[in-house]
Amino acid sequence: MGWLDANLISVLNGFALAALLFLIAVGLSLVFGTMDVLNLAHGSLSLIGAYLGVALVDEDASLGVFVLAALLAAAVGAALGAALAAMTSAINDHLRQALLTLGVALIAADVLRELFGSDPERVSAPAALAGSVDVLGRPYPVYRLSVVAVAVVIGLVLYVVLERTQAGAIVRATVADRGMVEAIGIRSQVVLLGVFGVGAALATLGGLLAGPVLGARPGLDSTVLLLALVVVVVGGLGSVRGALLGALLVGQVQTLGVSLLPGQASYLLFGAMALVLLLRPRGLLPSPYAHAGGHA
Amino acid sequence: MRRALAPGLVGAVVVVLVALPLFLTPYPISLVTRILAFGLLVVSVDLLTGVTGLPSLGQIAYFGVGAYTAGMVGVHVTDNLVVQLAAGVALAALFALVTGAFVVRTSGIVFLMVTLAVGELTHRLADGLDAVGGSNGLAGIPPGTVLPGGEPLLIAGFVYWWVLAVFLLGMAVALVVSRSPLGRAMRGVREAEGRLPALGQRTYAVKLAAFVVAGAVAGAAGTAWTAQNRFVSPGDLAFSVSAIALLSVVLGGAGTLWGPLLGAAVVIVVRDELAAYVAGYGELLLGILFVVAVYALPRGIAGSRLRRVPSVRPA
Amino acid sequence: MTALLEVEGLTLRYGAVTAVDDVTLTVAEGSRHALIGPNGAGKSSLFSVLAGATRATAGTVRFGGDDITSSDEVARARAGLVRTYQHSSLFLRLSVLDNVRLAVERRSGRPLRPWPSPRADRRVTAAADDRLAQVGLADRRREPVSSLSHGERRQLEVALVLACEPRLVLFDEPTAGMSAAETTRFLELVEGLPRDITTVVVEHDLDVVFRLADRISVLAAGRLIADGSPEEVRADPAVNEAYLGVADGREALFTDSPEAGRP
Amino acid sequence: MRTRRLAPAALLSTAALALAGCGGGSLSEDSGGGGDDSVTVGLVLPASGVYEPLGVDMTRGWELYLEQNDGQLGGRDVEVVTADEGEGPDVGVPATTRVITQDQADVVVGIVNSATALGVKEGLASSEVPLIVANAGADDLADGGEWVWRTSFTNGGIAASLGEQVAEDVGDEPVYLMASDYAAGEESIAGFREAFEAAGGTVAGESLTPFGTTSDYQPFLTRAQNSDAGAIYAFYAGAEAVSFVQQYREFGAAEDLPLYGPGFLTEGGVLEAQGDAAEGVQTAMHYSNLLDTPENTEFVDAYVEAYDAQPTTYAVQAYDAAAALDAALEVSDGTSGADIAAALGEVGEFSDSPRGPWSFDEEHNPEQTYFLREVEMVDGAPGNVVQGELN
């Protein structure tokens, strides 16, 4: 069997992982870019999404039920995002934001453990997308292929909204210079609330969509948070394209990289991140609008 | 500005600390021992984060090098704690020099993430290296002695005194450095990194020097940890420990050295002691503590006598 | 009089934009030199290249006879070519005294010594206090910089620069944002500098320029269009035209807004 | 300013005074309890972190035994002090230190994590407090030393029990080995490999998969599929086991590579979460709640009645730890740690354990029967149906 045949499935799977990582991480990146808030409760938002999947989607759920659950997850995420925006709005210092949002994350973790128990839970894919199809002569889960499609659609929508609409222009301007946007009479608080809401909604939605792949369990929140941080920092904070590139890179490192260098698997992720950051401290594709992302 | 704590007060605190084993039973004394070792790690994080303005999630790596070195020296070479301390500090400082040469080229969030990577890679290395016990940790470390051929320290109070000595030494180094020209330059980096070159000062040198000093202090903390537990495991190097250490700094009041120390004490007492009364909810308590602290203690436990400076963004 | 700073054929391009175009000029030792020009003339770019913050695309810079074209900011500062900042860039949460001590230590102490030394520290403190007295901030020495007024911060900038024992100081729009009283005090301060310190001022306020300078270089569209004594420059028709494009230039020269001039 | 500067001293001295209320001092040898006729047991089990589900099961097993024996062990009153073992030694070691110094426990029972168990081993020995390990499986944890006894298993032991069976099942085909990349995984692979190769089996390849990132096993499953293996042997537990078995099914490995492994792969809550994805997985374990013996039926009934849940192997290990302590205290001269440790050496066989008869071997590990179990749907839910004995 040729190298390509042997590894193509890993490459494909890398895209599926990248799709999930992108959905979860892009909100973290936008919130940092616009609000200058490093939200360490971002992973908890995703875990809440996953547990919503546990509660709402059972084994033979129809696609409709799954979509409804996804919409509900997004709505819950938006509400939680707004709450987080309100909590962090008065706090400018990154370290105190970290203290606050990590505190929230610790509380959320224990609340979720009370509600759903500490056993790992499986989130079912909708019946229509369960099972596998043959890709290159090997079975591949249909659900993972659908996740890629969903991520592409959401990514395109985000891109169009940010680059081609008035609202997007305001968000971009806020990334570049918050003071200036206020000066021209736009209440940046509203923009920030909106961005935090959307970012959090994407995180919960991503969490729910990731459910059938990653499951739902205590501790998944910090795993996801770390991965999302790696994705956005590698990609470049505050940029949608950066988050996408970061997700693609991390996805491939975790599948193709692991498959090529199995002995070094444990070191690949952080090794890759350290390397990228030492060569390009602002990430691979820093936001063209963002101020220097370096300050704490 | 930051005036020295009154010498009399420092003296009184030291006397109380030295006298503790006379009236505390073994368990509380082991708790204070743990607070001192962890506190010294937190002080090293504060040297970078609070004093130099470089938020670090990686001091656990140098703590780990110190802890594992002390353990390996204990198992294979000598049970002498002074030798273990010297070896641990030397290797930790060396490791800090080698890694710092790359790491200190960054700052801000990127520094945070690069140090996180260093910490995690060290953690995984400890987990994978069978020579240091792998994921089961390094066990079988003999009780240490202070003088060559002396009695091994088995009793909690004596172990405490050794850890206290290491702690006071580390704390003295941190205080001395923070009051030296280097300390002033470190605060200069924190306040306006871009301004120093115009004064003819390379910030790289300042940051690297700070990084090595902080690494050495973290290494000392690691040897103290090993002296107490006589066991090191990769779990001691986990990301969560780094995060808690960094947040102890914020909780205590970054840049003050003694504030973060109190932060560390509060965190350990809340997570390990109060949590014993509500088993399994230690992290919940910690979370509540963090959230409340952000609003109730906007400048950390240490407070701050400075007027709040409006944060100025670099243009 | 000998030349301290010699700029030859200096050019700075950003892609297709030429910010500084083949500038050649000389700053004499001990002179009070000013660099002026209308909006977008390239003053800030030239300043940035001279300070070593930006690398020139072409040309050479010599300082005290040495080629410093490829020296960075740190090396230039150590050689005695020191700049101020347009927006105060000070160590806000450090005391006024500590700000100056940072500079003194770099110059005459051991800036990375990791332990205090009472004798050396006393010497550094005394030198720093001298600088503070020189700029009139002696009574604020214990205050954090964040509690100083705008004008006081500019005074402190000067103290910092002096502590570097410069041979040449580059002032970047030093009076921008100052009240009239603050400007007056500041001008007295600069005028009081010893003559062995050469100064180059980039400034919008022409009243300031004509009061301070004994020699003026005028930039327009990146090129040097005039270079001479204040009288010569004032009379130069090319300068008036460059500033205005109309007959009477003086009005516009005075109403220039300080902010708009930056690229 | 004055008051603020005093804050640290004030805090410290208050703390010191408060703690001083405990009296004593810590400059003398501490012999640890043992004075009276009642026994203090330090029960150290995870109440937080990834091992919490095991902690819940084990606490139940322990409490059930005590309840069935009126709160007495060996005819003596038992005081149980609990401590949260947490996820790793960073929490577990200090927790254990507390129960032996502060609470003066005469014996420590529990410990899920091997690193934690190894971390407390020395301290317990120097305090002369015996440790009854009710889960941690590190091979050399119990080595016949005076103070460590184990009622659970060794990683290598369980793995080895499968060797001959798998060799027989696969015939000429080799087996691909996979395990989580930490000590237990390595021990498990080593134990299996030795027994399997001794029985004539060959190994196609081996992958140690990293911890705690995405739990994505596709690259490794693909390697196994691309090899010439006829079966997979895998060591996973907890959430990793859930993801692994699910992906084993999704990526089609289940179609032609039968899956074998130690029973943690399909135990308790893990099996519930895996659902029908686990069907057909064959595991080795020293217990199954579906074991058809009178002792087990009685135990399961009592357990279900008390907790409305099926017992797991973890619960039985803790139940048997209580039984072992019961038997030891029955023959013990006193209640000091040394007395209990000596008595543990004289307890003989436990004939009415839910897992079947077992006894301590000379290394103080359980000498017990391992069962081959296969996941089948029983009354609509997956269960570990016992296929036979391994040995």
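We call the chains A, B, C and D, going by the order they appear; numbering starts again at 1 in every chain.
What we mean here is this: a contact is a pair of C-beta atoms (placed from the backbone, for glycine too) under 8 Å apart; a residue touches a chain by one contact, two chains touch by 3 or more.
Bear in mind the structure is a predicted one, so any value in this text is a computation, not a measurement.
Student: Spell out the chains that contact chain B while also contacting chain C.
Tutor: Neighbours common to chain B and chain C are absent.
Student: If you average the CA coordinates per chain, which chain's centre is most distant from that of chain A?
Tutor: Measuring from the centre of chain A, the most distant chain centre belongs to C.
Student: Rounded to the nearest whole Å, what is the centre-to-centre distance of chain A and chain D, using the mean of the C-alpha atoms as each centre?
Tutor: Using C-alpha averages as centres, the distance is 35 Å.
Student: Could you put a whole-Å number on the gap between the CA centroids of chain B and chain D?
Tutor: Here the centre of chain D sits 34 Å away from the centre of chain B.
Student: Let me have the rounded angstrom distance from the C-alpha centre of chain C over to the C-alpha centre of chain D, please.
Tutor: Centre separation, chain C to chain D: 72 Å.
Student: Counting only Cα atoms for the centres, state how far chain A is from chain C in Å.
Tutor: Chain centroid spacing, chain A to chain C, equals 48 Å.
Student: Which residue numbers or ranges of chain D touch two or more of the other chains?
Tutor: Those would be 52, 181, 210-211.
Student: Spell out, as numbers or ranges, the residues of chain B touching 2 or more other chains.
Tutor: Expected reply: 124, 127-128, 281, 283, 315.
Student: Which chain pairs here would you call touching?
Tutor: A-B, A-D, B-C, B-D
Student: For chain B, which residues count as touching chain D in their complex?
Tutor: Touching chain D: residues 5-6, 9, 12-13, 16-17, 20-31, 34, 124, 127-128, 134-137, 139-141, 143, 154-158, 160, 229-231, 233-236, 238, 241, 258, 261-262, 272, 275-276, 279-283, 301, 303, 305 of chain B.
Student: If we count contacts the way the header does, which residues on chain D are in touch with chain A in the complex?
Tutor: Of all residues in chain D, those touching chain A are 49-50, 52-53, 56, 181, 207-216, 218-220, 222-223, 225-226, 238-239, 242-243, 246, 250-252, 255, 268-270, 272-275, 277.
Student: Under the definition above, what is the set of chain A residues touching chain D in their complex?
Tutor: Touch list, chain A to chain D: 1, 6, 9-10, 13, 17, 59, 113, 117-122, 132, 138-141, 213-215, 217-220, 223, 227, 254-256, 258-259, 262, 265-266, 269.
Student: Can you list the residues on chain B that touch chain A in the complex?
Tutor: It comes out as residues 49, 53-55, 102, 105-114, 116-118, 120-121, 124-125, 127-128, 239-240, 243, 246-247, 249-251, 254, 281, 283-284, 286-291, 293-294, 298, 311, 313-315.
Student: Can you list the residues on chain C that touch chain B in the complex?
Tutor: Listed in rising order, the residues are 51, 72-74, 77-78, 82-83, 85, 87, 89-95, 98, 101-103, 105-107, 109-116, 121, 124, 142, 144, 146-147, 160, 163-164.
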